[in-house]
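The following pair of complexes shares a single chain, chain A, combined with chain B in the former and chain C in the latter.
Right, the complex of A and B next:
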């Protein structure tokens, strides 16, 4: 299910002294099945774009097409809302039910799915996020922060969305927690073939996961392309006020001493190690 | 946030914005009594004229005032209809098999809705032109004498300013949670009243939880900075009455004299 964002603008509080244009004339195409990263500073319009892509907001101008469904400023009922799953920032703050099971089944129940199928989905979802089934009958508020976040994620996954939006999924998690969550996202993407839209501040996450990356600044797209393209040009990164991923920084440092230079398209530590080992072997043979 | 919260401060630099908040608060408070002294067309006209001048002076768009009237419009219409139908007296203007509209009914309906309108608009002028911080400061200082009879004025004012401060925050929070549950397919718009109330449970529970969390964090932060109430506490911003604040006394007296003169 491809997404086409066609020349949209969004204005908050139109007609008041607080009127504010959060997005202006933005166009974007997201192919089905890729991981699209969205980065930008606070107030760049990321949250608004999420609202629009998830069908919670209507554009003030322009149109959004998800699959077959088109939404403009005048569309009454947004048809693709149930196809898009959104995991908002700090999703553990939206848990409400008495048990984990009930919270995860909230979404599918709203979709009108039969009880038997819901049960399957809840068990499948809790398995996907790597939580133990014994937690299902516990209160979500008795869990740790990381577990609560997984429960919230499971609650969205149980709706089986074909597009999954994640708004800073690793915010507030420790290193191990975010590492686990990232590999979870990676597996999810490979297993389920869903489109993932990842909003983040972490360049390392963008480098490791994203197939395409959009940079927003003051409601406008200032870059849209592959991470390799974005991170290979230092002057553009500096102009956007962005830091390169830590591995790219390391490669840059190494390249000051090594010749020929290591390609900056490597974003995984394993890849870099493999590359260096290959070079050592070649060097030994000569 | 997609709409204005009623009574929101609208920053500006008009004459009304620059008045001392204590003076404004007292003036509006006394003005409310004055409204109830008006009892004929000419006195109401004076009040309307005064409110119109205030709106002009505030340099705030009229549309925003209309927005603040909206929530009470229902009450205004209801009381007007009741007066039109129930009040007897004067000549009959309209006779139907069900009810008769008398001259006195029309008069009463017009006066009562005027009262509501003037009250609401005047209160809006006060909140539009005074920040909540100024307002609670003013309230605290005006109620200062009550400290003598052990009313915890400072604590009350603090509670009020915290409450006002957190209205937008909680509103934002509500929107966030609402969006999250809407994205999970929550249906908030259809069904009967009980179904709709039940549909709001997934929004209220997280909201309560986050409010408690916020309250605890705030208490902790205050305590960490050794906050300990009002006794001996000095202020950074000192309010001071100026010439224009004293002019409010004159304006108020003029209004009292005019209305006292013209009322029947």
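Right, the complex of A and C next:
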């Protein structure tokens, strides 16, 4: 299910003195099954774009096509809303039911799915996010922060979306929590072939996971391409006011001394080690 | 004379009657913070670092052990009132600590509670706004500020009370990179002006900006060292669920491959120069 964003603009409170254009003339194609990262500063239009891609907002101008479904400013019912799952920032704040089971089953119940099928989906979802069955009858509020976040994610997965939008999924989690969640996202992507749209400030996550990365600035797309392309050109990063991933930063520091420079397209520590090993061997032979 | 904070054999738990001691949030902690230090306290989620923060500014009372300011135990409400002025705290969520309808009123709120005169407020408020870089936004409604600006407003509110110590409890974790950098720079400036900075975080890269690092895990202090010493021992951080700086990981990987590098690295700078010579 490919996504095509065709020259859209979005204006908040149109026709009032508070009118504000949050996105202007944005075009973007997201192929089915990729991990698309969206990055940009606060106020760059990321949240508005999420709202549009999830079918919660209609574009003021232009159109969005998800699979066969097209949405413009005048579309009444947005048909793709049920195909897109959104996990908002700090999703654990949205848990509400008395038990983990009730919380996860809330979404599919609203979609009118039969009870037996819901049960299967709940069990499948907790399996996917790595939660133990013994937690199902517990109150979600008695769980740890990392567990609560996985309950929230399971609730979205139980609706079986073909497109999954994650808004800063690792914000506030410590290293172990973050790593578990990232490998979960990676695993989901491999196993379920869902399209994942990842909104993040963490460049290490972009470097590790994303196939394509969109940079938004003041409502406009200022870059869309591969992470290698984005992080290898330091001058562009500086212009965008962005920090490179931590390994790229280390390579930059090494390159202040080492000539010819180490390529900045290396994102894994193993790659850097292999590169340095090779250089050392060549150096010793000379 | 400043403020020296001392915890001596402190134990703390929310429900001390019902939990056995090995599950208490803070266990047998003795620490001393001199005026003007810049310290990071690092620990993973649930390590007890936030409980420790609340003990340091008197928000929590130790279940056992002593809490002293300049050698004097804090016991009466009067002591605690004085302590709140000397030791300010900035929390994680900027939305939770802003109360008033405008930037100026928000800073005045804290001062009014302390009984500071209007005249004095008119002198202090512009000064602290300048210090945190919010001059010109006096009349702005706080909910129209960005997350980073809100956090700076909270800091201005604390600074106006002229504290000796500021505790930052995960104060950068909800901010975007710009907001984060701004707060970290501000911490450094405040430290240089003589204020004690205690920064509680789970991010190793931010923690290493401090002069001294304290690692807490399951309520206990695991390490208390200068940041250079701790950098050299940073591989240990992994076992407590904390990030190991990437330079240390590279150092370790290359040594495993037989590179002749010093056994201990005190900084990334040292790694870069040693790598260069051995290539």
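Everything that follows uses one rule, which is that the second predicted complex is superposed on the first by the 259 of 286 C-alpha atoms of A that agree within 3 Å, B and C clash if a C-alpha of one lies under 4 Å from a C-alpha of the other, contacts with A are read in each partner's own complex, and residues count from 1 in each chain.
Here is the rule we go by: a residue touches a chain if its C-beta (ideal position, glycine included) is under 8 Å from a C-beta of that chain, and two chains touch if they have at least 3 such contacts.
The structure presented is a predicted model; accordingly, all values stated were derived computationally and were not measured.
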So, does A:162 touch the first partner chain B, the second partner chain C, both, or neither?
neither
Is A:105 touching the first partner chain B, the second partner chain C, both, or neither of them?
neither
After the superposition on A, what does A:246 contact: first (chain B), second (chain C), both or neither?
second
Touched partner set for A:172, first chain B, second chain C, both or neither:
second
A:277 contacts which: chain B (first), chain C (second), both, neither?
second
Name the contact category of A:88: first (chain B only), second (chain C only), both, or neither.
first
Per the contact definition, I'd like the list of chain A residues that touch chain C in the complex.
41-43, 144-146, 171-177, 201, 241-243, 246-247, 250, 253-254, 256-258, 269-270, 272-273, 276-277, 279-280, 283
Contacting residues of chain B [partner chain A, same complex]:
1-4, 10, 61, 63-64, 176-177, 179-187, 201-203, 205-206, 209-210
List the residues on chain C that touch chain A in their complex, please.
44-46, 92, 146-148, 170, 173-174, 176-179, 202, 205, 241-243, 246-247, 249-250, 253-254, 257, 259, 268, 272-273, 275-276, 278-279
Any idea which chain A residues touch chain B in the complex?
12-13, 15-18, 51, 54, 56, 81-82, 84-86, 88, 91, 93-97, 106-107, 110-111, 141, 155-156, 159
